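Next, two complexes with chain A in common: one pairs it with chain B, the other with chain C.
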Partner chain A sequence: MQSLLILVPLVCLMLFNLPWKRGVGQAVSFGAGLAFLAAQAAAALWAMLSGGEPFADPLAGFLVFKTSADGLTWVMLLTIAVVAASSLAVSRAAFTDEKDRFYFANLLFVSVIGMNGAALSGDLFTLYVFFEAASVASFILIAFRRGMAGLEGAFKYLVMSTVATVLMLTGVGFFMLAGAGTSFAEVRAACLQSAHPEFARVGGLAFMAGLFIKGGMVPFHGWLPDAYGTAPGPVSVLLAGIVTKATGVYGLIRLTGSVLPMMPEVQTLLMTLGIVSIYAGALAAIGQSDYKRMLAYSSISQVGYIVLALGCRTPLALAGAVFHLLNHAVFKSLLFSNAAAVESRLGHNDMNRMGGLQAQMPWSSLSAVIGLLSTAGIPPLGGFWSKVIILLALWQAGFHAAAVLALAASLLTLAYFLSMQRRVFFAKGTETGSAVTEAGAAYLWPQLALAGLTAAIGIGFPFVYRFLLTPIQQLLW
Partner chain B sequence: MTVDLILLGLLVLAALWAVLSVRLMMSVIGLAAVSVAVSLLMFRLDAPYAAMFELSVCAGLISVIFFVAISFTKRLTAEDIRTHRKERLRKTVWLPFLLAGLAILLVARLKSPGFAPAPDPGGDVRTLLWGGRHLDLIGQIVTLLAGAFGVVVLFKEKNR
Partner chain C sequence: MNPSTLLIPVFLPLAAGALIFLLAKAWKGSGAVLSLAATAGMLAVSALLFGKEGTAALPWAGFGLDFVCRLMPFNGFILLAVSFFAFCTALYAASSLKGKSIAPHFFGFLMLSAGFAAGAVIADHLVLLLFFWEGLLGSMYGLIAMGRKDAWRTAIKMFVIVGVSDLCMMAGIAMTGHAAGSLVMSSIHLPVEGLNTLAFLLLAIGGLAKAGSMPFHSWIPFAAEDAPLPFMAFFPGALEKLVGIYFLARLSLDLYGLQAGSWVSLLLMTVGAVTILLAVLMALIQKDYKKLLSYHAISQVGYMVLGIGTASAVGVIGGLFHMLNNALYKSGLFLTAGMVEKQAGTTDLRKLGGLGKRMPLTAAAFVVFGLSISGVPPFNGFFSKELVYDAALERHWVFYLAAVLGSFFTAASFLKLGHAAFFGPAKPEHRDVREAPWPMLLPALVIAGLCVLFGVYNTLPVHRFLAPAVGEEALAGHHVSGMPANWMLVAGTLIALAAALLNHRYGVKRSGAGLGAADHIHHAPGLSGVYDRAERQAFDPYNHWTAFVGVLSRILNAADRGVNALFDVVSVSAAKTLSAGTRRLQSGAYTAYVLWSMAGLAAAAWWMFR
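Presenting the complex of A and B:
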């Protein structure tokens, strides 16, 4: 079944763009996209609950390529489907021109194929190839409206992403020099048994440096606020919700969790970068007046928690990292959908010119509250549990100072989000009593669904732990 | 070995030329020279198909596309060229030293007495690189599709 998750969207993409009469491709792209993403989410859920694929691959006998999947793959596929579906739904309202909607749906499909391919890959070079597919789609999506700000954001992402590409290819070169292939198992073996394990380890570090850039870690984060802040609403949802995670953070989880062996220097590097990202992102978020840029800096801070957990390198920490990736994808997509809704009503993202939207946009306000509480780690929402697991893993492994620092940073998160909520919705301001109305259904439904999901993940935590996190803990070697 | 080292040296020089040139045309020529050097190295490494592909597509076709695109841009004035050249040299003066340092480190390691070449995994290099890498080809097709959509989306105003 795994190959269908790459081939079906690819075939759909080609069918949409055949010269049909009366724009049939345009008409069906939205519905077909949602249907495919719903099927992908259902398949991933089924695989998690049953501990295997829902059905055998019908094309297995015909295909020449091989994919691989484990517990982490299914979590990624589920997350990709949820966020991409939200982004597609928001695009329905954000783009008024039918052609723009169609182009967006096409590029979203390209991005989904890139992310699915990366999640289903068992090889570092293949991982890199699919990362590139998703990244090229992202450059275009950021510049989608062709404004100066969007083009600048896309250009910065392009330049930084190219540097990441060079580093990852250098890493692949070193893996080959070590005499190994580039599959996860071969690189793992080369690190331990090769005549030149140092080449495999240098290759691992170079690949990791590329992933730091792709994931927007401090100090490689320069491109991220511009890219998230200037992109159209649905693109921000897609980029912040999943693309940077599926390209950068997922690669880091694979590399550190199941490819590279335990190296104390790497652990120290990851923990330091994690703590620095948590605080640098949070402090920068406090100073922002642009809603989307504030959320972008918040993303840097939250990804810091994931990297911190990877540095801890225990089975529980790995599970916490993956769980926080899932939670962050859900609540950050929710908050960016919220920002898109507010922007659609006011025409800008300046929080200093907002205020008083609570009365006019009560549902958007409610979903923002749920998103911010989950981000800050308030029980019983999903974000609370993933942070608790990370803190617990750090404490158990003896990294007490890191645990305390990570806990204290949650207060900073709460501070900047409460400030956001007050400036946008609660406090009296420019928009108090104005004629602004609640965002339309296409904006509201994704927000409410994601808010419900983050609450459901929190309340259903025992099930999540059993079916999602327990298999992940076995992946660490 | 000597020929390979000369080709590698030329490759680095051409790459530096491509990066440091102020005029885009010169950069494209530098890039084409890199492809030619890579192609010759591939021939010497018994990879004639890869070499032919590198020569025809990277050195040929892509350079032509660059030249066409550059022909639509405005020419720099002599004053602009002088300013940019100074600025670029100041910013990238460390680059050759870094590259030379890395190359020396790598060669020193490869030539060290305890270093034994990695065992030959067996099989033709084409089989090794492409025989088991069909999934990568799908990734590349998708990347090309993304590029095609990029042209449609970012240049659509001209079409209207």
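Presenting the complex of A and C:
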């Protein structure tokens, strides 16, 4: 049944592009998009609550690849649905041109197909193909405004993505040399009992390096700030909230958590990259004056936590990594929606020229506060729990220095976010007493819904732990 | 007796206090009227309850913390005394504070104090006792702080000293409750041994500090200058001793069994003896009426602590009797000071003189009080001191000597005070001074009458109030009332008093004035340097401690600033520098980005295949 999550959007895409009357296509694409994403979220929740694989999949025979679904898949599908829906909702207000909205909805569906496919695939090559689908949509989305800055961001992403493509394909090639095929089970077998175990290692490194680029790990992250910073608001929400996570980071979780066997070098590599990303991202974020670029660096920093946990490679750490991915998707979409709302009212992202928006945009300010507190790991919001799980896992596994470093970085997180909140909303500044008005409902509702969600995840943590995280702990191989 | 009658002396004044605070704005005279009514009621109920026994228990804070009050021979007469002094103070203050802006709050706090003190006396649960004890601390703070402009400093000093000792008491209560398995006072009877000794000492600190014994005394002379006068008459004069010494006696006799001759007993006696001597020496050189009295308020505590510390029936009776007598003549003395201040406008002895002719009744009352405190027969102070002497001599002659020396200096300082204030040549600026008004005079005269009564007919207080508290059988045939049995002791006292008289004449002759009667002691070689330093408060433990705490807080502050600098300056600038570095690396050239990734890949490859 989960094949529908790939097939339905594909059919939808075709339906959208039938020669509808003017305006109808746009309305249909928006309505059908939200309906589909809601259904996806409901299906994922249902699957998690009932535990395991509730749906028979008679349609699987129509596909050229095999689908598989486990706890991690369902968390990813839920996250994709939530963030994509937020992005779609924000796009309705952000794009004034009807055609733009229509194109955006189409590209969003392409992207969702790519991400859903990746989450459902049980094979490294299939994984790669769906990553490419999501990336192609992203290139166009970044340059959506057709301005020079957007083109530049898209071009950099394209170049780096190409490098990643080459690396991942090389990795797939080496896996095929080492073993019988590219399905997760075959690759796993190849790593353990191949005549040429070094092939598997080279393949693993090459594939991981490609994922580092896709996920934006320092020093593979060069494209990321430009891409996030120059893309239009809804695109940033989608890109930062889920696309890079559902491709690069999800790929890393799958590859290192349940495909590659335990390798101490890989562990150290991941932990080093994690710590470097946490600190480089946070330090760079402190120096930014552009709201969205700051959020972009913050994303790098937060992904660092996920990769750090992966390097720890214990069941609890894996659960923490996935939980942090979920939380990050929620609070980073929230903050990018917030940035989009502010940008829509002021026409720029320069935090030095904001200041004093608290009076005019109290609801936006409130949701920004919730988002930043969750990011900084303040209880009882969701971000607190995932960070605590990661720190606990690190400590239990004996990586005390890494745990302390990760904890200390929370101060930096709080530093740049509090500075942001002050410069944009609380402090007196350029916008004090200006005629700016609160962002419209289309901006506010997604933000408030996401803020409620991050609070709900935090308050309902025992529930989340039982239904979302416990299955994931069994995935570690 | 209906047991809940017992709660009236506690709740009547508390309710009156609350009402006074509420009505302070609406009804200016409410304080005096309500206070007089409430204390009169309190006095009447206490008198009715006197001699009876009973327990009133109400559920209170849960966890076994019940509101248990118990009237027994031990505290019945103290409750009566508290009520009596509360009534006298209210009567006196109604006149002396008439029309003053602080009056409503003074009466409010006075009533709260009276209620809390009554509660502390009849409480039969250690936690309830602590509750009233701390309430008393709070109302005392209020009463001192409302005095002169800078009185809050003294109030804080009192609060710190008494508050810290109350903390000790709290720890002692916890330890006692743990050792005894109960917090109900009537069911606690522990020996002073092992860890219990520490608990006993901690509790004794609470009692000693309330009573104003050394080394917890140093706020009292300042309060004499800063606080409203009725406060001095009521608190250091009477109430503190009644409550503090009651608790000390109950502690030594009832809660714990203090053994005669044990080191704890000797420690208490030493504290008493040292307090008598040092405080009286300070009193001797004072040039201010109220301040001189305040040092005697400390010194007299020494006799009570010495008496209770002997742990003999005679000593305890002597200590408690002295507590009663002292409450009478000391509050009376403070009342005369208040009358002199009100009529002559000052209490500075250098500006006073010859008031005896202008204020004969005040002077007469003063003479009675002075004779009482000096221990001249047949006034009340003589008899209680003789009992203390008797018990002290039984332990060691050193304690007896300290006590008799204390008597000598006490007599000397009151000869000086009376001579300087009431006798001697009249000052011309006092021509228009008149006798104090009756409402102020009346309490002083009643108290003076009681001083004489308790002396001449000392069988009344001893056998009516004190012997039941200790238990007639404990006296075991000791002769505690009437004239002392040991004529040697009487002779010693008379010799000390005669020496004080001679000393006074010598001093007056030498300096030419009543005020200078103690100058030859003040400026004696060896003593004058010590006096100078004492006058500069060089021996005040409070000052040493606060200085120590000040240094400690400066050190901690410096450490805190340092850590702060680490965060504020070092970490912030490091973060800024690093941040600028990462921004510079983000050049915007995609070739650079590709090169980094390649470099990263190369490093990762080296790591995996080295």
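As a convention for this text, the second predicted complex is superposed on the first by the 462 of 477 C-alpha atoms of A that agree within 3 Å, B and C clash if a C-alpha of one lies under 4 Å from a C-alpha of the other, contacts with A are read in each partner's own complex, and residues count from 1 in each chain.
Simple rule for what comes next: a contact is a pair of C-beta atoms (placed from the backbone, for glycine too) under 8 Å apart; a residue touches a chain by one contact, two chains touch by 3 or more.
These numbers were taken from a predicted model, which means no experiment stands behind them.
Trainee: If you stack the two complexes on chain A, which partner ends up touching A:66: first (chain B), second (chain C), both, or neither?
Mentor: first
Trainee: Is A:113 in contact with chain B, with chain C, with both, or with neither (first, second, both, neither)?
Mentor: It touches chain B, and chain C stays clear.
Trainee: Is A:21 touching anything from chain B or chain C once the two structures are fitted on A? First, second, both or neither.
Mentor: In the superposition, A:21 contacts neither chain B nor chain C.
Trainee: Considering only the touch criterion stated at the top, classify A:132 as touching first (chain B), second (chain C), both, or neither.
Mentor: first
Trainee: Examine A:121 and indicate which partner it touches, taking first as chain B and second as chain C; both and neither are also allowed.
Mentor: In the superposed model, A:121 contacts chain B only, not chain C.
Trainee: Is A:140 contacted by the first partner chain B, the second partner chain C, both or neither?
Mentor: first
Trainee: If you look only at chain A, which of its residues touch chain C in the complex?
Mentor: 155-156, 159-160, 163, 167, 198, 201, 205, 208-209, 212-213, 219-220, 222-223, 225-226, 265-266, 268-269, 280, 283-288, 412, 415
Trainee: What residues on chain A touch chain B, complex-wise?
Mentor: So the residues of chain A in touch with chain B come to 6, 10, 13, 63-67, 99, 103, 106-107, 110, 113-114, 117, 121, 123, 125-126, 129-130, 132-133, 136-137, 139-140, 143-144, 146, 177-179, 181, 194-196.
Trainee: Which of the residues in chain C come into contact with chain A in the complex?
Mentor: Contacts found on chain C: 575-576, 578-583, 586, 588, 590, 592-594, 596-597, 599-601, 604-605, 607-609.
Trainee: Which residues of chain B touch chain A once you look at their complex with the stated criterion?
Mentor: On the chain B side, the touching residues are 115-116, 118-119, 121, 128, 132-143, 145-147, 149-150, 152-154, 156-157.
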